[in-house]
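Note that the chains take the letters A, B, C, D, E, F and G in the order they are written out, and that residue 1 is the start of every chain.
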Amino acid sequence: MYLLIIAILIPFIATALIPLIHNRIGSLHIGWLVLLVPTALFIIFALQIPAISVGEVLNQTANWIPSLGINFTVYLDGLSLILALLITGMGSLVVLYSIYYLSPSDSFPHFYAYLLLFMGAMLGVVLSDNLLVLYVFWELTSISSFLLIAFWYHRKNSRYGAQKSLLITVFGGLGMLAGFMMLHSMTGTFSIREIIAVIGQYTDHALFYPAMFLVLLGAFTKSAQFPFHIWLPDAMEAPTPVSAYLHSATMVKAGLYLVARFTPIFAGNASWFWTITIVGLITLFWGAFCAVRQTDLKALLAYSTISQLGLIMSLLGLGSAAMYFGDGEQGALYGLAIFAALFHLVNHSTFKGALFMAVGIIDHQVGTRDIRRLGGLMAFLPITFTFAVIGSFSMAGLPFFNGFLSKEMFFTATVNAAGLPAFGVSAWGVLIPVIAWIASVFTFVYCMILVFRTFFGSSQLKKLDKQPVEPSIGMLISPAILCILIIGLFFAPNLLGDYLLRPALNGVIPGISGAAPQISAWHGFNTELFMTLGIVIVGTLLFLTFRSWFKIYRLQPADWTFTVLYNSFLKDLKRVANWITTHYMTGHLPAYFAYIFIFFIATAGGALLITGALSVDLMADSPISIYEGMLVAVMAVAAVSILFAKSRLTAILLNGVLGFSIAIFFVLFRAPDLALTQLVIETVTTTLFLLCFNFLPEWKKEDSPKRTKIRNALIAIGGGVTVTLIGLTVNSGELFESISGYFEDSYELAGGENIVNAILGDFRAFDTMLESLVLFIAGLGVYTLIRLKVGKGSGKDEHQ
Amino acid sequence: MNNLLVLPMLLPIVVGVLLIFLRTYGRVQAWISIASMLVTSGISVYLLHKVQTDGIFRLDFGGWEPPFGILFVADSFSVLLVLTSSIVTAICLSYALISTSKELQTMYFYPSVLFLIAGVNGSFLTGDLFNLFVCFEVMLLSSYVLLTLGNSKRQLREAIKYVSINIVSSWFFLVALAFLYGAVGTLNMAHVAERVAEVGQTPLLTTISIVFLIVFSLKAGLLLYFWLPGSYSSPPIVTSALFGALLTKVGIYALFRTFSLIFYHQPETTHLLIGIMAALTLIGGSLGAIAFNDIRTIAAYNVVIAVGFILVGLAISTPASIEGSIYYLIHDMVAKALLFLLVGTMITLSGTSKMAGMSGLMKNYPLLGWSFFVTMLSLAGIPPLSGFIGKVLISGAAIDSGSYVLLALALLSSIFVLYSLLRVFKNCFWGETIVSKEEQPPLRKGVLWPCLALVLLTIGIGLGTEGMAPYVTDAAETLLNPGIYIDAVLGLIQ
Amino acid sequence: MNINDVILKTVSKAVVLIILTFGIYLFFSGHNEPGGGFIGGLVIASAFVLMFLSYDSETVSGALPIDFKKLSALGVLLAMISGIAPMFFGGAFLSQSFGYFDLPIFGKTELATVTVFEGGIALTVVGVVVNIILSISEDE
Amino acid sequence: MINTILTIALSLFILAIILALYRIIRGPSMPDRVVALDMIGVNLISGVAVFSVVLNTHAFLEVILIVGILAFISTLALARFVERGDIVEHKHDR
Amino acid sequence: MESLIIILVGVLTTVAIYLVLSKNIVRVILGTAILSHAVHLLILSMGGLKLGAVPLLGEEAETYVDALPQALILTAIVISFAVTAFILVLAYRAHQELGTDNLSAMRGSDDE
Amino acid sequence: MNINTIVEYFGVFLILIGSIMAVISAIGILRLPDVYTRSHAATKSSTLAVLLSLSGTFIYFWASENFISVRLILGIIFVFLTAPVAGHLITRAAYRSNVKLADSSTEDALEELFKK
Amino acid sequence: MPAQFLLNITIAFLWTLLMDEDAFYPTTFLTGYLIGIGILFLMHRFFGTKFYLLRVFSALKLLLIFISELSQSSLLIMKQILSPKLNIKPGIFTYEHSMEGDYELTTLALLLTLTPGSVVMEVSPDGKVFYIHAMDVESSRDSVLKSIKVFEKAIMEVTRN
């Protein structure tokens, strides 16, 4: 059975079908057909819950490139299942929501094609056991996200956001790929499960830590961790359903999934613990801190998402300590953090999904998301208000909403971690809950801002484009379902815990079943409760006194944000690239020749000296006759004189002398055929020179500065010396007899007494044939050069 | 008798010469050319299959046994490249059929293309170093003709540089051949390899090998790529596409052949140098690709990046890296042809090659846009397109061999590829559509079919890697075990 | 004063004859003596060059109403055919063969397929060189 | 003895070439140079002939004639160029 | 003798490289022509200028000089002729269209 | 010393004379005052030098191998045919490209013609 | 045309001679004849003028005169070259000849150019006048004029009845 593989493929197939069917369905909104896909898939995955919850795993393989060990292996355990359900479940809700959200002028086929593409890719990410297949889907999610962000590509901001997200996530993806390849290099397999089985032998391997950091790079970029978080706010240019789906509920969780998935491989050491925890905590704080200052509701949600992702990330870091301690009480104690992470991962999807949808409704119905222009909407949009309150309060960690439960567990985990007897935590441990707490205060503040600035206060109806009314019922269904879940999970959290979170925890840290607690809302008056109380009190105060401390945001210079850094990096990169490239790619042929010959002198000449090849032995030489010596002198003088020729004709004459002298050398060295050919060719060449001179001006004295001339002379001498030295060295030691003795039987073999001719016409006739072809092509080229003229002919540069 | 082996070179030549007599019949020439390239592809498939079943085989021209005569040798590496270049040429020719002006067609465009591919195929197949030189010249002369065909100012200007530099590089080739002949007294590649191995590649031979390295680097655009951006961005569309797809590949092929078959004994010198050059090429190409606003120039620098990338594989020279290079080589032939065809089409549509002059093409030419998008991803090595597997294998090999600098540069270069093309996509296909559908010049009917064929090819190669795997594995195995090649060529004699 | 080229033209006629004869001789003698297709072709071509230099281009091209591009193409084709032909008789590409025959008038004569090959080469050379010079000299 | 004389003769011919080369380099006028080149050609003919005697071979006798032919063609082309710049004339130019 | 010729090759190469590095296109072409002269001599001397007979079997000599380099040079000569012819015409066509024979004026730029 | 050897020596002697004449005409090329006078040296003396050396070669081969080389005769004819034409062409070109006559020149019949 | 027939024979001879065979083979001659047909076919447009029968004897005589004149002139020039002090007065003078037709004119000009100290620089457009450069006008004008007469006569013996 390839059920799971087919499940992954279904969205892709549906994607391919969309362009084919969208013209044939008449007035039916294509979204309804699309909705069938995630719904069906959700049901398929939901049907797996019973089996998975008792610890089974599903695993199916289809061959892709078996010869390289790259196979489409699907692996479904608790961890994968949670995410699969999220993907398909949220997917269903978002598709439903989008049917009402999109305007008729939008291109539905494109939207749904991208969305389905994403869905398939995301399922692939969470279900793949093979690292490379995982990577394939990973990049596909980046691409579909890219396309969705730029859905309204005529907007500049959309294009900007799309590019930013793609560059950052693909960058991280490449790092991750390198990490994967390192894992493969260590273990010889691409299968995650097989790696887990053998990784214990490789923890001392030199590549272990590089691989770890590279994989984390992928995770951090995808999950918008500090400082890679900057793409996420700009991704809000996507239509709101997309923001709800990709940029809060699912895609950004891929990084978290990755960290969780790789916990069995890398966790259990200080580097992993600290890297993830610190990055998570900073992200948590920075996201929350920045969210407070946002005036665009979606931007606020984006930063809040960053912050929440940081929270989950830090939990995964803290929980990794369980790997260090293994199965046991200690392990269970710290493993709780993982449990909390998984729990919050689900919760975040519910409340953030609801919030996005609520904001989408506001945007859709009011025409703006700018807090400064909003206010008093409670009267006009009561239902939406309800959604917003539920979502916000859950996010703020207030009771009766699921966020409270996971937030409490988060505090528990931080407090536990403060006393962790490993990884050198002791000195700094106390900072972990402190930072968590401060960040949570800010979380509280922006949640209040979201609710109160939008729905309370005086309405500014005149400033709005539309008169706000509740949207059609269809748009309310999805957020309503999410709100029900938010509350439902508060009251029946263990349904989730027992059936999904516990098996998922087993997926993250195998065999640490003890860490999965029974979730309960009330733990007595413990530290965590006081922390929450503190948050509410301090948060409320801060919210009320917002105007008085808002100044602190101005402490950060405007040009010191990471986005500015990113922008100027790209800009400077282009500028520097342009500067460098135009400095050596000058289009100046003499410069290019200079590079080439310098390279020749440096490498070939260098090799001759460095390898110690140079050896000159004149003993093997044949004797020199006086006239031969004189002829050499003639050539040398003629050649050097060319350099000083004031007229091109003189130069051509001297070149003719060279040509004739070489012909005589061919005579002296017993090469009559060569002499004949050389002579005729030389004459015809000279004639051609003269013919062409008619169209060219007399040459002028080289007006290069003296420095250039000296440089050129040095290069020329260097080139000449290099050729000479190598030649002398070759001449000094004959390693092998030439094969040409064979040709001396040319009369018997080829019926010719002229050996050279036999070689040309028979032994190496192919060369001769091609050589005549070369000549022929040159003839064609000359003809076309002259006959096909600009102006007379096609004229333009691009004549096609 | 393996006479079929000569056909990938001979057929284009004969057809090309015959087309001279059909000068005025542009379309007839086109169809005949396409047909001949398809036949060549078919023959290549057969040859590939034969190599797989019977092992390397050869054709001794005139029946003269190696090392005395010239011969063609078919191994998986060379035949794979012949096959790919023949297919790509057929597709490019079909683009020419639709798009090229009558005037160009009657000015020996098709014969020149056929001679070019003949030179390319010959270079892949020949087993004789001097014959390689001659095949290079066939290819180069054809490229000169094609480069200047059209005679625009820019073409002439760039052609001067291209031709001059190639003359000098051919000179280096002859110098290297002279030295090599002086040292080992033979020209047959297998025989040279055998003799070099016999003396264990003396320092002198290493020096000579570096001269060869310079020659082939000039052709391949490895570090010495000064001639490339200008000349690849000046001629008409189809010519650029053929150049982008084929020309540098021949140099790359030659580098792989010589430095795996002949000069592999001193890798600490030669392969280190190749590695350094590949690294610098990656850097230079990456910077160039993002430095300009002319989309042809951007495409041309992308060629440079690919060269660096492929040569990383040779610098590392492990089975995986060589396989990766072969995959990437094949991928790049397809994808670069596609890239240049698309870029050319964009320029034709908007009348400029500057990004600033194009906007929102996506709206009126969605198919063109999506083709470009796929090309961009494929070139950036995004899975599951054709560029992916090569990237994976080369990075893996870089890790295995501890070449972390090369690894980093190779991977980062993909980001630069992506960014450079993303800029094009973002600026040209997205954005406000300036001109209404009615005002935009219509695409010539069928002009995108060749592009789509290449798109399918790049997707197909990516997904169907397994189909190629046995051939590529065999190719890499042969490259890394010179004995196989030498035995196949010289075995019968000894 | 206008140029009177009578001396040159008169001598050239004779010289061209000598060169052409010599060129064809070189072509045929290549098998055993210096010469062959290339050199023969080149020498014949140089006779044409001399004609171009002594006369004007219109006179020469009028006297030789041949399309030299096609001539060179024919040459390449001929060389190819001599290489391809043996393939149909079970030989390798480019197999040359030679034999000694008793011909009615010529007596014992060596006939070699390589002559066809070289003939193609010679035609190519002549065609190309004349084509190039003609193209340039007709350029305005 | 014969060989010594021949060597001397060969050297003398090449000496003549060297002297002519001086004229080519010095000029001063272009026709001076052409005259000198022509002279070099003529001396080459002699040189090749003598060398054939030295080697006792007939292989270079073709070369002699070729040098003669080509020296003439070169001189003609150069003289034309000096005279008119356009070495192949057009009928309508006349 | 071989060494002397190789040194001559070096001299020719030096001159040619210097010409190739100049800005005038005709000088560059002339440089390439001299480069090919040089390499032809180099190939010949690499075969060894041993004192055998002319490679014509009619000479009936004991030893013949190495004929293979001669055949190679012949091919190289013809090819270099073809290329020279082409680039010469290219140069003058470029001059006709661009109005210059100076390579400094043929840089071209991205912003044309 | 048989008759053949004597003839051989005669041939070689001719060659030597030819080479000496060649050097003398080359000196003429250096010494004579203008291109017109130099062309005299080139067209006449060196032609004779060729005549001598080729004849010498011809005689040598004839004597030593009984080999009558038509190519050599043809070479002589060719030089005779072309050398004066070359001289004619060069001097004409020189005059037409305004190369001055030597100062020692006494009359210039062409001057009038070209002035018109 | 008889002239071309003759020419053809000449080429055939030329061919036979070129083959350098140890004996005369009619077959070789025939080959040369066939080749001659080829060449003449190629060249026939250049031979519009009549072709006169070769006067072998007169021609030989002419040749002898020619060689002796050449030797004299060469010696003269060498003397001048080698004299310690150059004492020459070169110059250009005209000469109106009595030749008819291109061949006569050309032959005369060639011979003249090879005679002591004279080079035919220009031929007037109507072909009647030679412009002759003399190495030493003062001393050689007379000798030049004398030899021209000799040449003219010898040529006419060959070319005319």
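The rule is simple: contacts are C-beta pairs under 8 Å (C-beta built on N, C-alpha and C of every residue); 3 or more make two chains touch, one makes a residue touch a chain.
Here the structure is a predicted model, which means the values were calculated and not measured.
Peer 1: Hey, how far apart are chain A and chain D in touch steps, shortest way?
Peer 2: Each step joins two touching chains, and the minimum needed here is 1.
Peer 1: State the pair with the higher C-beta contact count; candidates are C-G and A-B.
Peer 2: A-B
Peer 1: Which chain lies the greatest distance away from chain G when centres are computed from Cα atoms alone?
Peer 2: A
Peer 1: For chain B and chain E, let me know how many angstrom lie between their CA-based centres, rounded off.
Peer 2: Here chain B and chain E have centroids separated by 27 Å.
Peer 1: How many Å are there between the centre of chain E and the centre of chain G, using C-alpha atoms for each centre?
Peer 2: Roughly 39 Å separates the two chain centres.
Peer 1: Using mean CA coordinates as chain centres, what's the chain A-chain E distance in Å?
Peer 2: 49
Peer 1: Taking the mean of the C-alpha atoms as each chain's centre, how many Å separate chain D from chain F?
Peer 2: Their C-alpha centroids are separated by 10 Å.
Peer 1: Mind pulling the residue numbers of chain A that touch at least two other chains?
Peer 2: Residues 582, 587, 589, 593, 670, 672-673, 676-677, 680-681, 683-684, 687-688, 691-693, 695, 723, 727, 730-731, 734, 738-740, 743, 753-754, 760, 762, 764-768, 771-783, 785-787, 790 of chain A each touch two or more of the other chains.
Peer 1: Where in chain C do residues touch two or more other chains at once?
Peer 2: Residue numbers touching two or more other chains: 1-3, 7-8, 11, 15, 18, 22, 26, 32-35, 38, 43, 46, 49, 53, 69, 73, 76, 80, 83, 94, 96, 128, 132-133, 135-138.
Peer 1: Give the residues of chain F that touch two or more other chains, as numbers and ranges in rising order.
Peer 2: 25, 27, 39, 47, 67, 69, 71, 74, 78, 81-83, 85, 88-89, 91-92, 96, 113
Peer 1: Which pairs of chains touch one another in this structure?
Peer 2: A-B, A-C, A-D, A-E, B-C, B-E, C-D, C-E, C-F, C-G, D-E, D-F, F-G
Peer 1: Given the complex with chain B, which residues does chain C contribute to the contact?
Peer 2: Those in contact with chain B are residues 69-70, 73, 76-77, 80, 83-84, 87, 90-96.
Peer 1: Which residues of chain B touch chain C in their complex?
Peer 2: Per the stated touch rule, the residues are 1, 3, 6, 10, 13-14, 17-18, 20-21, 59-63.
Peer 1: Help me check something: in the complex, which residues belonging to chain E touch chain D?
Peer 2: Interface residues on the chain E side: 53-54, 56, 59.
Peer 1: Touching residues of chain B toward chain E in the complex: what are they?
Peer 2: So the residues of chain B in touch with chain E come to 130, 134, 137, 140-141, 144, 148, 151, 153-154, 156-161, 163-164, 167-168, 170-171, 174-175, 177-179, 181-182, 187, 230, 292-294, 297.
Peer 1: Considering the complex alone, what residue numbers of chain D touch chain F?
Peer 2: 2, 5-6, 8-10, 12-13, 15-17, 19-20, 22-23, 29-32, 34-36, 38-39, 42-43, 45-46, 49-50, 52-53, 56, 58, 61-62, 64-65, 68-69, 71-72, 75-76, 79-80, 82-83
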